[in-house]
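Every chain is named by a letter (A, B, C and D) in the order it is written, and numbering of its residues begins at 1.
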Amino acid sequence: MHDMSAHAAQHHAPPTSFIRKYVFSLDHKVIGKQYYGLALVAALCGMVLSWMMRIHLGWTNAAIPGLQLLSKTGAPGGVMTPEYYLQLMTMHGTIMVFFVLTTAPFAAFGNFFLPIQVGAEDMPFPRFNMMSFWVTFVAFVVLMSSFVLGDGPTLGGWTQYAPLNAVGSVAGPGQGLGVVLWMISIALFCVGQLLGALNFITTTLDLRVKGMSLMRLPLSAWAWFITSCMGLTAFSVLFPACILVILDHVAGTSFFVASNLVLNDQLQPHSGGSTLLWQHLFWFFGHPEVYIAIVPGIGIVSHILITSMRKPMLSQRVLIYCMGALAVLSYGVYGHHMFVSGMNPFSALAFSFPTLVITIPATIVVLIWVFSLYGANLRINSASLFALGFISMFVSGGVSGFFLAQPSIDIMLHATYFVVGHFHMVMGVAAMFGIFAATYFWAPKMFGRMMNETLGRIHFWLSFVGTYCIFMPFHYLGMAGNIRRYSSFPDDYLQPLIPVHRLITVAALITGAAQLIFVYNLIHSRFWGKPATDNPWEATSLEWSTATPPPWDNFGGKYPVVYHDPYQYGVKSSVGDYVMQASPEQVKTDHDEK
Amino acid sequence: MAKFFAVTIIIIAILSAIPILRHTWVAPEDISTHGYLIDEQMSETMAEAGIAFLAAQFILAIFIWMFSNRGRDAKIKKFPGGATGLVIAALLLVGAEVLALGVFGVKAWADQYLTPPSAGAMPIQVQAGQFAFYFRYPGPDGTFGATHPELINEGSQNFFGLDPEHDPDSRDDIVTAEMAIPVNKEIHLLMHAKDVGHSFFVRELRVQQDFVPGLDVSLHFTATKVGKYEIVCTQLCGLGHYNMKAYLYVYSQEDFENWVKKEQAMQ
Amino acid sequence: MATTIHEPPQIEPDRLPDHGHSGNGGWRNLVPADGDLRVTQDYSPPPSSTAIWVVLFAVTMMFAAFTSALFVRKGSSLDWQTFTLPSILYFNTLLLVASSVTLEISRRRVATYMGGLKSQVKSPARWLYITLFLGLLFVAGQYVAWLQLRAEGLYLATNPSSSFFYLLTATHALHVLGGLGGLIYVIRKLSKSALRRNQLVATARYWHFMGILWLYLLLLLWIKL
Amino acid sequence: MRPKPMLLALLTLLVCPSMMCPSLMFAGTVSGKVTYTGTPAHQKPIDMSKEPSCAKQHATPITTETVVSGPDNALENVVVYVSAGATDEGQVPSQAITYTQKGCQYIPHVLPMHVNQEFDIVNDDQTSHNIHPLPKVNIEWNLSQPPGTAPYHKKYDKAEFIPVKCNIHPWMHGWFVVLKTSHYDISKGAGDFKLPDLPPGKYTITAWHEDYGTQTADVTITGNETKDVNFTFKAKAY
């Protein structure tokens, strides 16, 4: 049953009808673009939500014009209520983590470029691939629908801790229908990503063209492959977890709700559920999810850096092994989210060591990047700027991991803005920079037109400086003991920190506005940009040896054969300082790994 | 452009480091017997992470400065050290750092979590509910009355579901909305969650622990400085989370006894 | 020709490089180094045979999650009431095991049939139909088991033990139904003489896995409930 | 000169049958006093230190209002109403009533109202309040009210005794008493109450207290008279 479309996959006819071409398309390239569009819309929603949150945090009783239109009870007269703040916060986190950081770098670019980079015509199971997108789309719609249905979205945060997620509306607005919708949405999302992982893994293992050994895959392809393996494991655990919560809601079971809980003076009709069970199930998904968001970025950035450096990384293998190590270790470290959760203090130590150890592969990756720059001939453009910015962000967000990896320090920093700063920098901003770099780098191939370089650089400068202005202060707030997930800071202790919050708010508004430049650039270039050549960056991997934009079967019925390692730069060849993977030309090089 | 970028990175790195070096924003002064371990661990980590941060950003900036836009026929060089050198360096440096932090970290952690409270520790029960903490002292008889969740009625201030009518133990229990403890006396805090997950965090005490619904956990600590401190909830517990707090009063022994008398009178 | 004989594509050594096609060049073959093409074994498994393992892995992870949930939940409080499993489950088990056997027989038959030796096999589809029937019988049997529990007043929310019973059996039954869908697909392909061997193999692997999974679940429920 | 008295007479004739006349002709009234016997539970003082803006509004900490007693065992906050026999069911009083959140307290503690009668919820504090009534038969809602936002207009369409809580300040507690009749009163400081304008007929009068439950008494109004009905609740020590 699972290969019903395998045959069609390898020789499916060119699409004719509009529906087949653009809506329910089987073409991995169209699906990739669809994912990208979804991520773009989601990112804008998430950004607007973060604006409102920031305004509320800076000026708590200020009326945000128009907000009352979104929810009359949530924001009477535009003044945000505490629960509405939490509802927006939950949606911001959920949208960004699931529908932006997972879909854009992995599903969007992976779908478009993985098959091309391995030299395949398409994914082996195009129908599953199509379902994968449309299921994800429905998941997004279900999530957004909670804005208008019932008493609004859930306020439980993107981690949806039990039993707050399971006791129902008695726990507050959005905890009834809102949670159920959230769980349904995420369960659907899991299905979509599992279908995607199925395609990614089989594509990488089985559809490589002649000569494309695993070690000859570009780093981006490796990143997508490793990510899909992580996703396969993580999402197939989150899915059942969501089912259990839904059962607690609609069927009255007690998986997560303990005995003798009293809300609003009402004894809850549940017994014996385990609070920590949810945390274990969730974080077993949740921490790998962080790497699902960042590993594609690592691969993409390496891919782009090499092209702009005009020389390969110091070692392709080491980078691949490091990404693999991150993937494997990520399952052994999830407990560091639960140091003070009441789990066995010995297991806290057991989780602490792998968490510290995981910094080693991360450090190696950074060292390889930085020292590969030595002796390079770096071509500065929007793509490479964002790639370098990614490294800077990855470092800044990474070092704070040293703190949070230690249970003793976590006593002070847990649930403070330090944590918020940490993951926003390392998995939020860094991953976003990866997405931007990829967009500036690959947009010519995807849409056949170059993006505007000037606008790209303006976008980069505002984003780079802006995000530092936003997220570095988060760390300071955290060290001063500013708790996260507070809708306002009424207590005397936090009053002195309000000016910092206002600064951050201003920075956030400006940086957010800068992203609109990107959106404009993307849309404008899509239609009126200057047409792109087949290989504008003088790059070597297979996506550049086909037409721009690629034909429906990627290589026009001719199959490339791979003669070289992916990154043959800094050599003397007939075309210049590089040799394409698919060109049989023999050049003197010491890079080939036999 | 590239050189400008390099300079920007360096400026940002330095600006980021300044507030740390000038201790502009730091945790409030520690008032616990175990806190110094955490603080030492913190500053140690800060030093190592800080060096790593600055070094990485600087090298990145310098290389960007040196090796950008060198013209089409620039000679491409390879880093002499090679990958293996870097890997070994990373393994040694980070490995050592990780081991050091990990091992010392255990001490700070163990002091609070792996050692049982001393026999003489004073038991206090704290119950977290949406959205306030309530505290219970056993009273003269030294025993806590049994709790009956079905009797909980916040309207009549019966937050713990006590049943004084039938349960003599509970009649002298002292229930308060503020926490008072004698200075330099070990406290054994019995933590109970009434509804959903909450957390007990006192910055000055260097204490943070989640309440687990259905599972009563306990903490022990000793305060060494008289004063008024803030207890906050750090686990998202619902719409009032931002406003869920109570105050901790550390009193001298006699002040504490007076406080107990006062509270007893109000029960 | 009535059936399609699906053999791995033969690659002549003197084949021109640009005639290679996707599906080939998988991890098994050596790579051309520096321009000279040295293809030794130019064959990689059809995606479906990789895909089925991916699917089985996902299913395994899902039931692993359910299992750990069961252990944690049982350990977390004292409200766990054990009950005796409906005896029909053991009969169902036999059905599922039998169906695996019949599927294996049919797989062999179809193989010889597709191998061209039609004379030896009357109708290769017969055993597939038997497997299908046994599978349906199994699902029906599970349904009967649920009815029996309801008759005893054990509903989904009655007790964590019953919750997990319904949860695990229902999830497994759904996956079995998926397998039945696969069987129907295979039968249709076969009757259209468009079946490819790896499709049958993948379906068979999935089906056998469902059997093994059920044995595991039965053991788990039998120990824990 | 002429038309005016005529007009008046006409007006009187027109208006009489409707509402004024019963009260004009025979204004039956039930009045009395609500008391308790025994010693009521000690009302604990409320510690609002968590909410400084409220705490500083009370010189001495306010106590719980489960049982509010007046001089010589008078019992306050008892809703006395005609539970059977009244003829004017469905007549919704037009005047709006307000339920105020001030000093982290509900004022009044018990708010009796007619089915479908509009009432306003006002936040007079400098902090956000959350008003969460917990009805069984009516529709449940749960609203937060940041300081300085407009009042909420609400009404209930079924008779019910609804406990009210604030989800931000757990000690805040009150009652909505939704009644099918407009003949109701709430006992004042001296425990006194008064149900005027009762046309002749047999009535059942019910007195409801949030902690002590209900008591009933039957009265018959024959004409223009005042019936004296007293209720005595048994106090609970705890």
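Operating definition for what follows: a contact is a pair of C-beta atoms (placed from the backbone, for glycine too) under 8 Å apart; a residue touches a chain by one contact, two chains touch by 3 or more.
Everything numeric in this text was worked out from a predicted model, so none of it was measured.
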Pair joined by more contacting C-beta pairs (A-B or A-D): A-B
Chain whose Cα centroid lies at the greatest distance from that of chain A: D
Euclidean distance of C-alpha centroids - chain A vs chain B, Å: 29
Gap in Å, rounded to a whole number, between the CA centres of chain D and chain C: 68
Whole-Å gap between the CA centroids of chain A and chain D: 57
Gap in Å, rounded to a whole number, between the CA centres of chain C and chain B: 50
Multi-partner residues of chain D (at least 2 other chains): 127-128, 130, 144, 163, 165, 167-168
In chain A, residues with contacts to at least two other chains: 81-83, 172-173, 258-259, 265, 272-274, 276, 490, 492
Residues of chain B whose C-beta touches two or more other chains: 129-130, 154-155, 214-215, 238-240, 243, 245
Sites on chain A touched by chain B in the complex: 81-83, 86, 155-157, 161-164, 167, 171-173, 175, 257-263, 265, 267-268, 272-276, 309-311, 314-315, 318, 340-342, 345-346, 348-349, 352-353, 356-357, 359-360, 363-364, 366-368, 370-380, 385, 388, 391-392, 395-396, 399-400, 402-403, 405-409, 411-412, 414-416, 457, 464-465, 468, 472, 476-477, 479-481, 483, 485-493, 497, 500, 569-570, 577
Complex contacts: residues of chain B adjacent to chain D: 129-132, 154-157, 159, 163-165, 176-178, 238-240, 243, 245-247, 266-267
List of chain A residues in touch with chain D within their complex: 61, 73, 76-77, 79-84, 151, 169, 172-173, 264-266, 490, 492
Contacting residues of chain D [partner chain A, same complex]: 52, 127-128, 130, 132, 134, 140-150, 152, 163, 165, 167-168
In the complex with chain C, residue positions of chain A that touch it: 1-4, 6-7, 9-10, 119-121, 124-125, 194, 197-198, 201-203, 205-214, 216, 232-233, 236-237, 239-241, 243-244, 247, 251-255, 258-259, 271-274, 276-277, 280-281, 284, 558-564, 584-586, 592, 594
